[in-house]
Amino acid sequence: MTTWRASAKASFEGFSLDIAIEGGPSPIAIIGPNGSGKTTFLRFLAGAVKAELAEFVLGGTSLVDTKSDLCVPMEKRQIGYLPQGYSLFSHLTVLGNVAFGLSGTLADRRTKAGHMLEDLDCSSLAQRPIAGLSGGEQQRVALARALVVEPELLLLDEPLSALDASNRRSVREFLSQRLELFGKPSIMTTHDVRDVAALSAQVYVLEGGRLIQSGSLSHIAREPASEFVAEFVSPTTIL
Amino acid sequence: MQTKLVWPCLFPLAIAFSVILSGCVQPSADQNIKTELLVYAASSLTEPFTEIEGAFEKANPEVDVRMVFAGSQALRLQIEQGAPADIFASANQAHMDELIRGRHIKKSRYFASNELALIVPNNNPAGVETLADLASTSLLVLGSDNVPVGAYTEQLLDRAELGLGEGFKARVQGQAVSFENNVRLVRSKVEMGEANAAIVYLTEAMSPKLKIVPMPGNLRVHIRYPVGALVGSGQPLWARRFITYLLSARGKQLLSEHLFQVSQ
Amino acid sequence: MSFQRLLSAAGGLLGLALAGLLVVPLFALAMSTSERDLVAGIAHPMFLPALFLSLKTTLISLGLTIMMGTPLAWWLASSPSRLTKPIETLIELPIVIPPAVLGVALLQTFGRQGLLGEVLWEAGVAVPFTSKAVIIVQIVVSSPFFIQAATNSFRKVDPDTLIVARTLGSSAISAFFRVVLPVSLPGVTAGVSLAWARALGEFGATLLFAGNMPGETQTMPLAIFYALESDLRLAVVFSLVLVGVAGIILAGLKSLPPLARAFTWGQP
């Protein structure tokens, strides 16, 4: 039963972040308008962004603690990261991408990566180059790549925004199943209320770098703390 | 819209056309057109010839003399390839002979002489006192043998072997760290203190940054500068007048002011 | 639409003219020599030492340029520091400065009485008139091209790919070699070609700073210049060989990215 908590206070050019969240093994969703700091927060958790005052504990291990000058390097945090746009390695095949984080003999890595692709129902893509993959396929590959190294926490930055509308529903279902199967903590940022609904996740609302509301989807729908939230939950959002 | 493409495309095309057209434009009748006389001269003649250019133009305001200074060998090459020179003044007879043989020039006359000088930087870092010292001087710079000053240097070193022993030339050449294609470059390296010693023309040696080391009188190498008018010159009359000026008292005066030797 | 056609025809003609201007002189050079001249030229005692010296020095300077330039280019591309812009401009300066001026500047620096030269001289290290000088000149004139190309290539790399690589367990250096380099290989290779070509053809600054000494500092361009003044045909042969060697190596470099792709860095 993995629990985690993270708090960060940081200021960047024209923007500041002040946020504290904690969670358990179920997925949580962070929503907020563009520029509210969602991506920055995820990057902070991954270790790519430093905060002046911060604390991050994952499953009992302290990863960041500015008070004691502790900052575990990115490659040791065992956190999976799916950026917006998936950022697949264009010079490797699908199999190469998935096997990237694995160690061991070539054969071992090949087998393990192959199994992961099977798990996600996309073995047929193994030898394909990245160029030419559809949005949904890219997402699966990115997910496989992150999951195969067995991370303790999974971060997904707007995983569905790069897809066109027709794909979104099926991919959304696939993703929610996977995250549930994953069983470890995961954080997803999104624009779309239907992503949150599919996950039945706790929602955290980020605006201007600050948490303005948290709770279940029904809770924030009943009492939206800002115009953004009200619009977010509004059923007239056509997409 | 298609118009979006038009304007960016027009810009480079406009530049191209204007460049092409400017070459075709005929010069309007201009009353201030002077006769142009193109003189190709060895670079060691730069200072005296620049003064001669000024003096000649003053005496003949309807003529515009243009000087091109470079190594005699480079000038010869360009003339052979059709450069539109009217006059050629060389630092050595060999190049002039080649041009005469190639029927570019009919005949040449000597107008000045020069000598070689052994130069060291002002503070003489290697303590060079005589020519013989060169056999053991580090950082020696000489002219390469395919340029006049280098060829004359070889002659000098050959003569020196009579007095300083066989093998002297080889030893001196062994001390050289660079064989330059341009006598001015040789001089610069000494002036900058990069070279400990060099052999250049006497006319190049007058500089506050240089010290001349006297050489034995019997080693004098005669460097004679010939001048000739090009057969293909468009201004044969003016070319002849310029050469006459060069050989006149005034011309000789200007040359000797720059340490060239002239016949009296 | 005929105006469009006219425009594209004009554009095509201009392009053809430029291509011609670049190619025809080489052709003319090749036409002006004969088999006998070629043999005589290659057998000339000046030839092999100059060719060997050119290849040796350019390889060394290229190696040093890549070694020192890659980390610098990466820093320029990825650092948020405000110093990157002025430093980038400074690095590009040698491109616009005439080589002769660079030669003088190098003499003022490394010459016997130069800024650094004085100290080096005391330590017994003489730079002018040596192959060291040739290599230094080549680095100064060619590395800006490499650094520019590499920096621009590195800039195009998606920074998220690096974050992902690191979360997958790669150290920063490992991520650079496993992600940044392969992705930016075409641009970096182009930079290497440019730099190497510039170093190979370098003349003016070399003449001033390193001097002209067969076997020590007389590179092919210097040998060609030297030959020009005594025997035009010799110069033509040397030039053709230089063009040929350069052409082969540049073509080889161009085929590097596709080869690397085929070889794909030990991926499964």
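A, B and C are the chain letters, set down in written order, and residue numbers restart from 1 in every chain.
Heads up, the rule we're going with is that a contact is a pair of C-beta atoms (placed from the backbone, for glycine too) under 8 Å apart; a residue touches a chain by one contact, two chains touch by 3 or more.
Predicted model, so just to flag it, every value in this text is computed and none were measured.
*Asks:* By C-alpha centroid distance to the whole-protein centroid, which chain wins?
*Replies:* Centroid comparison flags C as closest.
*Asks:* Relative to subunit A, which chain has the most distant C-alpha mean position?
*Replies:* B
*Asks:* Taking the mean of the CA coordinates per chain, how far is subunit A from subunit B in Å?
*Replies:* The answer is 76 Å.
*Asks:* If you average the CA atoms of subunit A and of subunit C, how far apart do the two points sit, in angstrom?
*Replies:* Measuring from centre to centre gives 45 Å for this pair.
*Asks:* If you average the CA atoms of subunit B and of subunit C, how far apart do the two points sit, in angstrom?
*Replies:* 33
*Asks:* Could you pull out which subunit C residues touch subunit B in their complex?
*Replies:* So the residues of subunit C touching subunit B come out as 1, 3-4, 7, 10-11, 14, 107, 111-113, 128-129, 207-208, 210-214, 216-217, 225-226, 228-230, 232.
*Asks:* Please give the residue numbers of subunit A that touch subunit C in the complex, ascending.
*Replies:* Within the complex, subunit A contacts subunit C at residues 43, 46-48, 73-75, 77, 79-85, 87-93, 95-96, 99-101, 103, 106, 109-110, 113, 145-146, 149, 151.
*Asks:* Can you check the complex and tell me which residues of subunit B touch subunit C?
*Replies:* 2, 5-6, 9, 12-13, 16, 71, 73-74, 77, 139, 141, 144, 146-147, 176-181, 185, 189, 192-194
*Asks:* What residues on subunit C touch subunit A, complex-wise?
*Replies:* Subunit C reaches subunit A through residues 158, 160-161, 163-171, 178-179, 182-183, 185, 261, 264-268.
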